[in-house]
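Below you will find the structure I want to go over with you.
Note that the chains take the letters A, B, C, D, E and F in the order they are written out, and that residue 1 is the start of every chain.
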Amino acid sequence: MQLSEATWPEIRDCESDLAVLPTGSTEQHGPHAPLGTDAKTSAAVAEAGVETYRERTGADVPIAPTIPIGVAAEHRAFDGTLWVSPDTFRAYVRETVASLAHHGFDRVVIVNGHGGNTNALREVTGAISREDAAYAVAFTWFDSIDTEAEMGHAGPVETSLLYHIDDEAICEAELETAREGAGEGWGEWVAGVNLAHDSDEFTDNGVVGDPTTATADLGERLLARSGEGLADLLAAVDSRDR
Amino acid sequence: MQLSEATWPEIRDCESDLAVLPTGSTEQHGPHAPLGTDAKTSAAVAEAGVETYRERTGADVPIAPTIPIGVAAEHRAFDGTLWVSPDTFRAYVRETVASLAHHGFDRVVIVNGHGGNTNALREVTGAISREDAAYAVAFTWFDSIDTEAEMGHAGPVETSLLYHIDDEAICEAELETAREGAGEGWGEWVAGVNLAHDSDEFTDNGVVGDPTTATADLGERLLARSGEGLADLLAAVDSRDR
Amino acid sequence: MQLSEATWPEIRDCESDLAVLPTGSTEQHGPHAPLGTDAKTSAAVAEAGVETYRERTGADVPIAPTIPIGVAAEHRAFDGTLWVSPDTFRAYVRETVASLAHHGFDRVVIVNGHGGNTNALREVTGAISREDAAYAVAFTWFDSIDTEAEMGHAGPVETSLLYHIDDEAICEAELETAREGAGEGWGEWVAGVNLAHDSDEFTDNGVVGDPTTATADLGERLLARSGEGLADLLAAVDSRDR
Amino acid sequence: MQLSEATWPEIRDCESDLAVLPTGSTEQHGPHAPLGTDAKTSAAVAEAGVETYRERTGADVPIAPTIPIGVAAEHRAFDGTLWVSPDTFRAYVRETVASLAHHGFDRVVIVNGHGGNTNALREVTGAISREDAAYAVAFTWFDSIDTEAEMGHAGPVETSLLYHIDDEAICEAELETAREGAGEGWGEWVAGVNLAHDSDEFTDNGVVGDPTTATADLGERLLARSGEGLADLLAAVDSRDR
Amino acid sequence: MQLSEATWPEIRDCESDLAVLPTGSTEQHGPHAPLGTDAKTSAAVAEAGVETYRERTGADVPIAPTIPIGVAAEHRAFDGTLWVSPDTFRAYVRETVASLAHHGFDRVVIVNGHGGNTNALREVTGAISREDAAYAVAFTWFDSIDTEAEMGHAGPVETSLLYHIDDEAICEAELETAREGAGEGWGEWVAGVNLAHDSDEFTDNGVVGDPTTATADLGERLLARSGEGLADLLAAVDSRDR
Amino acid sequence: MQLSEATWPEIRDCESDLAVLPTGSTEQHGPHAPLGTDAKTSAAVAEAGVETYRERTGADVPIAPTIPIGVAAEHRAFDGTLWVSPDTFRAYVRETVASLAHHGFDRVVIVNGHGGNTNALREVTGAISREDAAYAVAFTWFDSIDTEAEMGHAGPVETSLLYHIDDEAICEAELETAREGAGEGWGEWVAGVNLAHDSDEFTDNGVVGDPTTATADLGERLLARSGEGLADLLAAVDSRDR
């Protein structure tokens, strides 16, 4: 259930103590994919996971609105990238979770679509779980799935998922350009340390990986697997001692 | 242009120094209207204003993603209401505007759909304009239009706009209930002071005003007038000395 | 009772759970009125209201010292204007109210003399009332009265009150100059939005309105009406459930 | 010159780059002296020092309004004591000094009347002088003078100064009581460390020292000496490299 | 060169713009290893790396004192564990790096001995490098080396390094106990998400891995490899564009 | 007992509710003494005091690791001086004390070796004792002892203690230089106010006092007296009502 589409009495009548909060980012995804990619993918995975969970258990879990802007200063060399500081992102997430908990939804799974949010989410879910009246964990969909495809950035994995959920969002005419200007790997590594704090240090056009290999079929499988992973997680969060 | 739907090179090629940032809220809107009302209305007004401005001038203005959760602790007695503190809301808006300005969009009009955000937005746009590398003002759509209808909360004005932009979001079956449990006015006033800090002190079901009088026709006129007001404002912001 | 003039045993013996906290500002008031105008007027109104309340009920209410510097960056183009950030102002007020509440004065009416403080006070009294061990509201005297005279800034209303409470503070020789350099209205408005964040954008000498029309008689009536409004408010705050 | 009593053009025409900012406290001063003692004394010393400096040099120095509430949690066991946290006090002082400096008064002497403010003022004047566009130091009047009388708290020194500047503020009938319930010294010391964080741990009525020995004559001498000290300091601050 | 052992003229004469800052933690390391393990290991690795770099290049790099307490709330169920919040840890590191940069050491490698610090260090080095007058990266020694041994917590890797650098710090009598009460893996995982925010959820005695397999020989090799990795990193940091 | 050298079960079995937390500074100590002087001396005094207390009472008190970097911006003109802001220092100390208290060590004596930390420690121990679940005081060793020698900075007192505890840390060859470039007194005083915020305003080489008069004998006596003072304080803290 999308919380935004429900009225307050409908939420009052919802018996769940689970809720899902998607977090995206508005940041460059190469010349072929839209700035809103991570918000789209986190929202789609949240919906898939909640639907799978509903099929398995009959229980409906409210999905809060997607937080659209995250921790993305690393991409600021590319136009249109929006970002807030990790402190502000954590505060926005933490207080949103607190308001969910105020209404009884005190087991919250954050469904995340952006790698740059991951560390901040691990930190803030720890703080929430230790100090606030709620338990929270963060699920970053592309870390939950095994796939032969390369994650990269705006690469085959993300582009495939976009093909499946919103193919009009992809500029097909730019895919070849995207491939040509892509970086070979994420970061510039020496002795296990990434020397690069920003993505323009290792990719000319913001892409890492080859998005021309993306397919809607792979996207469908990725969404299904992510949804199953999220449903597994919701079940575990529902049943554990807080 | 929706920034989220564009790629970074498309944004790079956009010559505007204007941008629009919608701010909503996820909060009770009575038994008949969805929790996401203020995000829907601010997004719709932003789009209408940018379209009117484009028709008048030929210039396209990017619309950032809607900030979905705002300053709404006053509605926390009603289920599903989400909120962050004014400090966190201001920080989230301010840093988002700073990232827009980083890319050259340093004249930002915030299009707001929630009364509870208004004071925080006046404060933060002053701080941005004085201290940061950008100029910003906030446009709260229902304060920009003259109308015979009552604003209230989830009353005829908001409900009419919803009828026009997303009529499926309204629970028509609950309209009569909404009218019956509505408060008569916003607040509990003595000597020019509102004694009530929270809305449940003066409305049983969260509504103020009579939403049964709402019509899609009125909604259409409200959107057109708001869009014109916003286009006027964009022109003024574009041409003024910062 | 002025808290500052009392000893601690006198305050211990005071049975009120009401207290009054005046907030002023130190900021330009044109060429004819002193920088301390808003501190003077808020203190005078506080005293008048507490005296009226004492006459009506027999109860004495302690008046805390006036906070002299507020949210006034908008006037910083004019010499001598002092200001703190809204965050610091809110913290100073909030902690002062907490210390009043520590001693049992946990129903606090802030008596405000400066328009620029209003939004910050609405926000902080909401936070106090929801989260702290006190209830607070803010009474801005010129918003509580109906008058034919124009508020403006350093205009007929404020100047009249000064004539009544401290006529030596007015430079009569500058009144004509004040009138001539005054702005016509507060702000620069387009589509319901004030484009101006600072007062020097719409007034050459800091004045809005015509202070030459001010009279001590009007000042006396304004003080009486404000005092009555404040006494009404104190009664309402005293009797309501917190 | 009292800044609050001046108009903005008068301040504009003032050629000083010196300014004085008094800081008081609103806190218990025993059964015989008012809660506002420290605000009264700091204001009186500021005025005396500025007058002495004017007599010596012909230059007038603006005196900002007294900050009335300071760092006084240590007295919170006694009714009517108001306080803010050291962080908030420092922010309030620092931003006030910044606004003085904005108008060219960038050599600021804080005239302090409360021991509990001293450490916070040393810290914040260091931060201002190192990081902001101003130089500041704090002058705590009773630390600047040699006297045979004991400082204590609400003891002979402060009570004598009150006798001279505002004798009606003293409850003479309570002086004997004040003497009887007074503590013998400030604090509870072991190995050079004061174990007591709060004053009620070592004084029953808030007094330290014997206020019955206070005289207006001593008060007059204390004010003169403090004024001379402050005038010396103003001269030194005026002439030093920042 | 240990900065703490040098005088200020010796540091003035040091021509490096590199510096090393070790960060440890004071936290449980099972029944057999001391609470200060992570401070000892980070200091030892820092020294080894600086020595290797000196042998290779002839250049001496100052080592700042080890920050002894880090982000370790996850171990708070075990006695003696000390921790600060991630915010405070980041501020302490960031300001320390800024003071190094003030003296010209504006390329700083943080040598970290504690997994719980890693995310906070990645975040703060990004902020330093983007916003401050310095470049910084963090080197977590056990992430820089390939080894057949299991990292775990207080397991074979850490225990081996302790055997090599400070064997008296190990309680050999407790090694068997340590092995018996150890957890099998770090965390409690579902769908790629660690449900456990605290270590007592998955280990009875704080250990993960089998410390009885630790040897001083392995410790020696680990230190050598870590020192080489750090020397490689110092060279890369020295030569890159900031 | 050094907490860092103990295992967690050893700390669990320690019955004390006392703990000691040393705070140093890493800052210039003239041409003859190391930057780490204040960390060395506070650690030595902590150890001496805890040993004396153990001899007197049989009770062992855990000593937390020394916080190595403190409030020392005043020395930043001299190379190698490290510092954090007072806010960050207070947060680091406060949270460390809170974690000690979490394990039952809720009577904490901070043993301080740096004058610049003193005000910040007085403030934070007050805040801890009033607001947190612990009692804390700060013992600055050179303020606890009577001695004929001059404290100064890197003068006879500190240098003597270094001679006793770590004579290799002293550059004897620089002692004469140290004496010659030393300032005559700490600060630049007018009317009881130190005009100097930084030490390079009154000392050319960072020294105040004559370190050539230092002796190991005096150092031994200073350490003994400080240890006795600290043991007295521990006894007083142990037995007082919190």
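Just so we're on the same page, a residue touches a chain if its C-beta (ideal position, glycine included) is under 8 Å from a C-beta of that chain, and two chains touch if they have at least 3 such contacts.
Note that this is a predicted model, so its numbers are computed, not measured.
Contact with both chain A and chain D is made by no chain of the assembly.
The minimal number of chain-to-chain contact steps leading from chain B to chain F is 3.
Comparing chain pairs B-C and E-F, the larger number of C-beta contacts belongs to E-F. Chain C and chain F have Cα centroids lying 49 Å from one another.
Each chain gets one centre point, the mean of its Cα atoms, and the points for chain C and chain E are 56 Å apart. Note on chain placement: the centre of chain A and the centre of chain E lie 30 Å apart, centres being C-alpha means. Along chain F, residues 85, 87 each make contact with two or more other chains. Passing around the ring starting with chain D, then chain F, and so on, the chain order reads D, F, E, A, B, C.
Taken together, the chain F residues at the contact with chain D in this complex read 73-74, 85-87, 119-120, 122-123, 125-127, 129-130, 137-140, 143-145, 190-195, 197-198, 229-230, 232-233, 236-237, 240. Of all residues in chain A, only 2-12, 26, 28-36, 39, 62, 64-69, 76, 78-85, 87-88, 91-92, 95-96, 99-100, 102-103, 169, 171, 174, 206 touch chain B in the complex they form.
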